[in-house]
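These are the structures in question, set out in turn.
Each of the two complexes below includes chain A, the first together with chain B, the second together with chain C.
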Partner chain A sequence: MHSNGHRPAPAVAVSEFTEDIVGRQAITGPRYRRAMVILGGLFVLGVIGFIVRAVTDGFDDRLPWGYLAATAGYLLTTACAAPLAIIGLRAIKAHWRRPLARLAELYSLGTVVVLAIFVPLMFLIPSAVDRRTMYFQSSGTSGLPGTLGRIPGAPQAYDLALLIALVVAAIGLVWASTRPDRVLLGNRRGVHRGRWWGSIKQWRVTTVGIGLIGAIYFVTLIGFNSMYSLDFAMALVPGWKDAIFPAFQGITALQGGLATVIVSMYVLRRFGKMERYIHMEHFWAASKPLLAFCLLWFYFGWSTFIILWYGRMPVEQNVMQLLYFGPYSVFFYGAFLLCFVAPFLTLLWNSVRKSCLGPTVAATFILIGNLSDKIRLYAGSWSVPNEVITDHALEVVPAARYPDAFDIMMMAGGIAGAIFIVLWMARRVSIISIWEMSEGLRLRVVRPFLRTHVSVLGKPE
Partner chain B sequence: MQQRVALPHPQINADLLKNVLKAPAWYWGIMAFLGGVVIFGSVLVAYLLNKGFGLSGAHRPVMWGILIVDFVFWIGISHAGVMLSAILRLSKAEWRRPATRAAEVLTVFSLMIAALHPVVHAGRPWRIIYWSFPYDFSRGLWVNIRSPLVWDPSAIFTYLTGSTLFVIVALIPDMAVIRDRTTGIRHNIYSVMAMGWRGTPRQWKLQVVAGFLLSALLLPVFVSVHSIVSWDFAVMIGVEGYHVTIFAPYFVIGAVLSGVSAVVTMMILMKWMFGWGNYIRQEHIENLAKLLVVIGTGWLYFFFVEFIFALYSLESQEIALRELQAFTWPYWPLALVFIFLSYIIPIPMWMFPGVRRNIRIMFWSSLVVNVGMWLERFLIIVPGLARKQVWTFDWSTYHPSFIEVMIVVTAYALVFLLLLTFAKLFPLIPLFDIKEGDILGDEIVIGKRRVPALRVEE
Partner chain C sequence: MAQMLGLFKEEEAEAAANATEALERAGYSNEHFEVLTGSPYPEGAFGEREVKHKLYVFPFMGALLGLSVALLLTSATQMAYPLIVGGKPILSMPAMTIIAYEGTMLGAILFTVMGIFFESRLPNPSPGIYDPRITAGYIGITLTVSDDRVNAVDQLFRRAGAADVVIQR
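Take a look at the complex of A and B:
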């Protein structure tokens, strides 16, 4: 206990904390305005890129839209996945989640951007009839065994329904978790909203509700990630049968989500002047699961690789070329280096983990590597022509298509859009959850213990 | 709920060393019974080896029967130790304390027993030596390192070595306590095993660092062991249903479900047998049940994906295998029992606090999970081999012989025998861990309520 000899940070009074955060809400700083202008500009550029792409290439060919599909995949495994870390930490009652909870939950609204991207994309993939999907349906003429009858709208309608459910869960999560703070901020502005007065019953309903909606969001996000990776990547490549792939996307979501939280936490601390509430301990604590997720990224990736590589099955050889060593190899090596090697070697050292900058650098590697991974998977699979997707095997590995200016505009616009929403919401509700932090401050005291002082954290049932 | 009671340290010593210093009469009765079963099983193994493996139920094309199923099962159980001890230690979960030693010891013994199964299954065990280890360098005879049959022993023995070290490091302070309470030859033996432990700050620091380091080092080994076992099957392209990329994590999470359930069963048995109600409380079982809900649901996701992806390919052979597993006699009743016992019955039950706090229900429900998980391994291994294929000219289903069944029973008896032997020699609940938990426990007052609290490093 306190082998380093330092005394724990003194407890901050709840009233002092509340006044500080409420006071910050009243002011809009120049940095905030500048960030909003830049992000808004990038988002508009993304929309322009989309319109130009639609006008010049249309929606007949899937190939030009591969990078937009990768953007949706990227947002699903970074911004939209940021709340997963907090939902998990809340379930195990980890105290260090408190300053990060609101920030992470606001990222769930990135699902709105994914929905906006998804709608045009879904017209670009063929229906599930007579090809390998989870819907097992045939027209009855293809001779495919074990198929069900026609399922109207598959797979697009069901994926869309799941995504809408995800957006609803995201809005519900943000609504429920910000309610006490919205009422508090409203009261301070003299605007009395809703019927919240903080009774014991209301608190109980709120905390149980946040837990439930959080669980629904968690399951729906993992479910949608699975379906998106299957219907919008794997099912488009003949011969690609990889049962671990949906789960791998789940792991990249957990890794990318936590990386998003860490980078945002650093920005908030550094540029949002939150040093008093976001300490090195938060980075230290977050870096440990991040290290574990890096190892899991490798483990899941390796589990696929060794089976395909060892099996040497002819049907899987061109799939390996497409995904690993062929036209998109640069993106594979990029992903491997930045999602595993670099962050693993960085986070391996406790002195690096025990700093604000170390975990942030590792998280930045991961966010870049995740993008590279999504380009490999989605741009790669979207480069396979429509005519061959019902074939038994991929006979010809398509050439790589590198991003052009409009692809880059769309990708930047999509990512900027998600961050724009978070910053916009941060003005409406505080970026640090007032009620959750206050609860944490009440549950922590500093007490003398033997010849030192230690933190004592309450763990209510 | 049964609350934590801060007990004086002498009483903790007396309670937890009760069986070590003087075992009750029933203990010897159980030991004699288990010893009898093990002797009978050993005779049968000797008979099998003498007469040949034809006495087993394994015939073409099903050459892997319940001995291999049991091998995978015990490897799975061995995942309890690191899951509970290493992961919960690294994440500083307080409620791990009474469970760690039992889980670690279960890991060691189940690994040892698991490793025996392929040896018996080989029929001529001495051949294992030159299949797995290079034996004649001069003539250039090397084992095939690309074979999973070589990966297996490497992974298992690495894990066994690491887990044993893990147990020993955690035992040192407790050895010193026993050393100070024994006389004569026992005192001398425990003195050697305590390695000069005096409880100085430096010794404690080294012990804690060693524990953390071993936890971190064992984690990748823990994952690799069952992954490699899964690759025994998955790298095989000739058997339908085996060549699946998800096998490694699917096996690992299944193993964790199985192992943690076994720890729950074992903890409740310890509570009943040794009267450790003050140490193994409802809150521990409840927390383990919550953990099992999460693990079980994760396992269900992998199970679902694995099953559905076999159909995804729309290949007639894969679909036929799933039909065999799920709808064909004699496998369909087993499949039904498996899914009900592994998930449908226990996991929804454990969502209710009343069930999680009921020790009897927890005992039986954790036990049935392992019955289900054993059947899961059976349904993965046997039907894939039993299905008629183009190049299989001799096929039939598989019926385990009496000898095989008895070997499986003996394996259970041997694990329990070893656990009880350990319980006679060392405390099954770590004394120092319980005392540390007591010291770190505290209370804070919020309004009119007293909230349990914990002293932590920040």
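Take a look at the complex of A and C:
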């Protein structure tokens, strides 16, 4: 045993692990049922909130929908971004990813909820023609600085196309990575469906394919997140010009995605009784990039802020008020404290990082702070009326619109919907990837070394 | 002709590797037999042949097709509506780049998914011999032999340590 009391987790036999997970799949526990009822109820409430909002406010005014836009932005940078952590770890062949891979990949199906939210939001955004967008569309009659003929459907059609690509990538990723386990679970029920035998070629194609789809999912998510933040936030505020903002949103996605994985990992370990497979080492390992992402959050956030703050040109002053110190300042301070200050000060200490609870607390701060950040950005920019979005500068800072009951219902419903899908899928395929874990367990042994024990890991690649 | 499947317990994976060597000594090259497992093993663990696949081609083909369609769409719509504003060119590369990126991604994704589907099914469209015990951890070695060699291969598998041999004529 080490002087600090840490000892590698004992090795588990592949057959023992498989039987344990398959056995768990056969039982639907009361906690699972309760969680599904609560999440399903919240999702239904969200749908009711949406219907009431549509009936009472319609789709003419963008203002009442700002919190729904923030929900889509939040899901993009948390649930949908969770697979990014695993895709990255898989690319660098980090073996500690194995118990978390399936959980993170299932979160990619949150893109379906984003698609459902995105479709009505599309109708609230005006065409790119005669507006300052990255599509440079001009009708030629307004005198506004468009530089070309029309590309029809901008920006909605192209944002939608990329989101559909993301949903297809998510479904492809989940389909490919769950295929061997679906066959295993089917065989246990006496059903062999599909054309999966487990040949060497099938394994090779599956592992390479997951890597390829994962890489494409990564690029597409960062791309769509950038376009969503540009078309559904920045382009709606006259005078807001910031080349770093999409990259900043990319960093919030990496941070929020990893935070989602850590919190889910804790819930799975604590309430899903997975202590044998999810160890403190997983939290410890995940806490290090999380700390780095907190610092990157500050770096990119500061870079976007300093342009407005130091330049302080007349055209920028009201933009700064809207985004930072004006009506939505409480959300800005909330985001700054919870996405940077609190998690940074928490994760600074090795003794905190080297625990299950410490990184989980920091990740929880980040998930709350991320929501605050999205409210500041989307509810803020959606409060700018259509009549002024083609102006050169924001002349009047619109008043804050705090969420009402229907906004809260829609936000809770959207978030609950994404988690509901993950849990629903977890009953159909195991929440821990059986084949990926089996591969890893086979390559790991615990051996005595002098007065302690060490974990010996085979790395065939 | 008969299809044969030798099944080896997971904890006796060494026996499966020995069986593939015995098969090679008996005149079956590693082109003739296939190793089936419930989870991936390191490449070459059973002395099997190097797996060749064309999966890397699919995303590139899809990306190229998507890029072409996107460029065609954006060029054609702008050329069909040739409005010159401020003396700038009709075709605007910055705006076209966004749509080209989207087309490229969409094409790459669709073709990669299709690639996995085709590459993991083909070139073996018939289900072949299979045993559900493989997903329970057993290692299977499957091959097709002439009827007069069934007994010899059966003995070979059993001598190597097979837990069971399944024969399908």
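Details
Following the convention adopted for this analysis, the second predicted complex is superposed on the first by the 446 of 461 C-alpha atoms of A that agree within 3 Å, B and C clash if a C-alpha of one lies under 4 Å from a C-alpha of the other, contacts with A are read in each partner's own complex, and residues count from 1 in each chain.
The definition used in the following text is that a contact is a pair of C-beta atoms (placed from the backbone, for glycine too) under 8 Å apart; a residue touches a chain by one contact, two chains touch by 3 or more.
This is a predicted model, so every value here is computed, not measured.
Of the two partner chains placed by the overlay, only chain C lies in contact with A:434; chain B stays clear of it. Of the two partner chains, chain C is the only one that A:184 touches; chain B does not reach it. Once chain A of one complex is fitted onto chain A of the other, the partner contacts of A:32 are absent, as it touches neither chain B nor chain C. After overlaying the two complexes on the shared chain, residue contacts for A:175 are found with chain C alone; chain B is out of touch. In the superposition on chain A, A:165 makes contact with chain C only, not with chain B. In the superposition on chain A, A:14 makes contact with chain C only, not with chain B. After overlaying the two complexes on the shared chain, residue contacts for A:313 are found with chain B alone; chain C is out of touch.
Between chain B and chain C, C touches the greater number of residues of chain A. In the superposition on chain A, A:246 contacts chain B only, with no contact to chain C.
In the superposed model, A:197 lies in contact with chain C only, and not with chain B.
Chain A uses residues 134, 136, 145-147, 442-443, 458, 460-461 to touch chain B in one structure and chain C in the other. Chain A makes touch with chain C in their complex at residues 14-15, 18, 134-138, 140, 145-152, 154, 158, 161-162, 164-165, 168-169, 172, 175-176, 180, 183-184, 187-188, 190, 192, 195-209, 212-213, 216-217, 219-220, 223, 227, 434-436, 438-439, 442-443, 458, 460-461. Taken in their complex, chain A has these residues touching chain B: 1-3, 8-9, 132-134, 136, 144-147, 222, 226, 241-247, 281, 288, 295, 299-300, 303-304, 306-308, 310-313, 442-443, 445, 447, 449, 454-461.
Interface residues of chain C facing chain A in the complex, by the touch rule stated above, are 10-11, 34-43, 46, 48, 51, 53, 55-56, 59, 74, 77-78, 81-83, 85-86, 88-92, 94-96, 98-99, 101-103, 105-106, 108-110, 112-113, 115-116, 119-121, 124, 127-128, 130, 132, 134-137, 140.
Chain contact summary for the complex, chain B toward chain A: residues 1, 90, 205, 219-220, 223, 227, 231, 234-235, 237, 243-249, 301-302, 305-306, 308-309, 311-316, 319, 442, 444, 446, 449, 451-458.
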